[in-house]
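Let me begin by handing over the structure; questions about it come next.
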Amino acid sequence: MVKMLRDTVRKLFDEKKVDMVIGWGEGTLPLSATPVFIENADEADTLIWDERCSNNLAVYLTKDKRHLVKSGKKIGIVVKGCDSRSLVLYAVENQIKRENLVVIGVTCDGVIDIKKVMKRTEGKEVLDLRIGDKDITVGGRGFETVVAKKEIISDFCLHCAHPDAPVHDLFIGQPRPANEKADVYKIVDDFEKLSADERWNSMVESYSKCVRCYACRNVCPSCYCNECFVDQNDPQWIGKSPEITDTLIFHMGRNMHVAGRCVECGACERACPADIDLLLLNKKIAKEISERFNYEAGLDIDEKPALASYCENEKQDFIMG
Amino acid sequence: MIKIEKSKFSVFIQNLVGDFTVFAPVGEGRQSAFDEVADAESVNTALQNTVQSPKSIFFPQTEVLFTYNDGDVQIPEAADKPFFLWGVRACDARSIMLVDKVFGRAKQRPDDPAFEDPYWKAKLDTAVILTLACNEPASTCFCHWTGDGPFEQAGDLWAVDVGSSYLIESLTEKGKAVLERIENASPAGKTEAAEIDSLRTQAESYLGDLVDLSELKDRMKQMWDDPAWDDIAAKCVNCGACAYACPTCHCFDVQDEGKKGKGKRIRLWDACMFPLFTKEASGHNPRGQAADRVRQRFLHKFSYYWDNYGESLCTGCGRCIYVCPVNLDIRTVVKRFLDIDAAV
Amino acid sequence: MKNAYVPIPMIVDKIGIEDTAKTLRTFDLRFVNDADCEQFKYLPGQFCEMSILGKGESPFGIASSPTEEGILKFTVNRTGLVTNEIHYLQVGDKVGIRGPLGNWYPVDSFKGENVVIVGGGFAFTTLRSLLIYLLAHRDDYKDITVIYGARNPELFIYKDEIESWKQRSDINLHLTIDNPVDGWVHKVGFVPAVAKEVAPSSENASVVVCGPPIMIKYTIPVLVDLGFSDERIITSLERRMKCGIGKCGRCNIGPEYVCIDGPVFTLEQLKPIPDAF
């Protein structure tokens, strides 16, 4: 798989079809891959693809990195299913020209949830990781344990309907069709069972841990405003301290702003240094949108986004009165 | 140096709780932090180090500078009890001293107390810090690069976990006063000294290759326009995770919260990664590009602070490596500027 | 112990409107407490954080001279949240200041020397402080040359005082505007060009240059050509600031903090710093 990826990328450079390829390379920690920006065929060998390649690389096409797209360079980008949906979103929202990208899909069975790994090792530091076909061997000082992949893959990945990039130019392996049976919104089940008060309390508890580092926002491909409302100071919309009211306004502002646009990649949640389950509310909103408007973000370049279009026969039952 | 059985640890903490606000490592994983504890049972003694640094004890993420009510300004009262910190690692104890060089007497005005930060000083000057030797440094640790070590003595008291007991030595008068309160302690002797030596050797063996940082200060400056900065910035997403996890990052913002007549002036952590940090009212921003801000962070750590205080503003604790969402490893950045084989 | 974060209470004593667009106002503040007045010792070039509780603070160079006892003068350009609020102040209103902050123009080492002052636009504030100070100790200094430029005649600040300076024979005053205007009898042209034309002697002289960054940038080579050495070319820098006492970390240029190592720097100090201007 990795060899195929490297060969494909090398060929793209040899045939002068790309000026740069954004992919994942070996990180400095056993559980981390890191984004790499490859500019020639020789560097193709630094590419890797496995369950550690969690970053949504689409983020490198907008925000502070917009100059890459503006440079007119032909960019290749390696994508999981969710990452490819970000590219579709960008095309729909006129952030990129689809034809300037070479989208390289890879077969994805989900990425590692470090929290789950740490639970397995009872907090012990992982110093060694070996990825097999079905299992992953995790080792550290004085221990080694073999875990089935599905036990340490993120929950939302386990219930992903579009693991293989629905939109791509090249694909490493055989792309599988969408998994119609996937219970995509399973991670919101428990939350939905709570009463309104319980939901509120669980949110307050969860978001109280936020330190306002904005890692969630900055790794989020759907959050690409030139200036985030949180950063504006004249007028200043919200307080800047991690006081719960302001923190909730920040997160909910973000939830609402990515409503109907979130591709559910979970980058926010993985980036959070406070381990807040940030995808939960986004998933809940995505579920509502899916049920009401039969729309999932980032699947079809020609489809109008649910919250940017109007049909007369839409359900109106949310209008009170 | 004295020796106390771990079974007496709870008595030790209990003895302090009355006269001190005791902080110790609690929680797990990314939630692990130094927090106030009422008893020894809440202390997590199994952590290599807390993911959140102890800087927040002296420099809380949000701190009220004063409240105001129709022009009447009130400064919050200082904490009623001094702080006791149990189990700070040498890197973190040193980081507090590095920040103290900035928040304490200003080097530019050494004789003027008005240039001292009164909030930081009030907490730090009365605090007693117990440093616990690091028997098992993490793979992200590189304290030996920054002139430290897992068994470096720092703070007011220095302790070593030797399995069934703690060996504790006082390093300052404040530390000595605390040590004298401990009952049921036996003096430590040669056996214990040998134990410490072997633990130290083992701990040091866990650290990776040593990198000499002495050239770094000038190299980074000479390479001001080097494309290396663009390569580093290409990956960085400009969030503040590293700065907030860092025990020495001390930049802050000042904000007024409340109405015009009544409210509070607070200070809160800020980060040089954020575009607003330096953006002026005119719209001009001296560090407007992401690459400018990335360069600032590393130059502040390894060059500017060194110019001012003769050492780096990094203690090799490795927290930024652990929390970075894109695995932009500070060690790789350092190596890149020292021409040691490393791709960013 | 003095808490440097707590503002000193002041009262607005006088407000002067500097331009017809009313974006520039000069505030004379007096101390509420005599003890504060007594303790507030400063020199030209230093600055204060002016504080509107509930809105925040902004740094301003002190435009008054320590020889003008009992008041502090600030000229405020209306650009942002805090400056907007300052413009709403009325005579008699309370306001807080923190300071004096930063370093100062080396007025002692100027003694027995010629002093050249080069200023642009509303950055003339601390230069006014310097000039008033020098005039108050006129015998200590030799020739005083002032080159002051603004986009148009309207945008000079301290117009009344400029008139009085014109009358004096002990100041070489050169005013300039960017483009010709009917009735303007002084120079026309950008400050760097006028500095070149006036060509003040660098012999036994220091020059203080203060204005928009672009003006400073293009004036410095002219001054170097005139023979001023790097340690005798003095300027004042601006950066976004919060604490003003070297703690909060945002106003640095290289290893120097503008708030405490500056705002006054010599060209010699700034030369090794790549992003100073």
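Here are a few things to note about the model shown:
Each chain carries a letter (A, B and C) given by its place in the written order, and its residues are counted from 1.
The rule we apply is simple: a contact is a pair of C-beta atoms (placed from the backbone, for glycine too) under 8 Å apart; a residue touches a chain by one contact, two chains touch by 3 or more.
Please read all numbers here as calculations on a predicted model, not as lab measurements.
When the C-beta pairs in contact are tallied for B-C and for A-C, the bigger tally goes to B-C.
Taking the CA centroid of subunit A as reference, the farthest chain centroid is that of C. In terms of their C-alpha centroids, the spacing between subunit A and subunit B amounts to 32 Å.
Taking each chain's centre as the mean of its C-alpha atoms, subunit B lies 39 Å from subunit C.
For the pair subunit A and subunit C, the distance between C-alpha centroids works out to 51 Å.
Those residues of subunit A in touch with two or more other chains are numbered 233-234.
Shared interface positions of subunit B, i.e. residues touching 2 or more other chains, are given as 253, 255, 281.
The residues of subunit C that reach two or more other chains are 80-81, listed in rising order. Here subunit A touches subunit B in the complex through residues 25, 27-30, 32-37, 46, 55, 59-60, 63-65, 115, 118, 123, 125, 127, 141, 209, 211-215, 217-219, 227, 231, 233-234, 239-243, 267, 270-275, going by the rule given at the top. Residues of subunit C that touch subunit A in their complex: 80-81.
For subunit C in complex with subunit B, the touching residues are 1-7, 9, 52-58, 79-83, 94, 238-240, 242-243, 245-255, 260-261, 274-275.
Interface of subunit A with subunit C (complex): residues 233-236. Listing the residues of subunit B that touch subunit A in their complex gives 28-31, 46-48, 51, 61-62, 136, 138-140, 206, 231, 234-235, 237-241, 243-245, 253, 255, 257, 266, 268-269, 271, 274-276, 281, 289-290, 321-323, 325-329, 331-332, 343.
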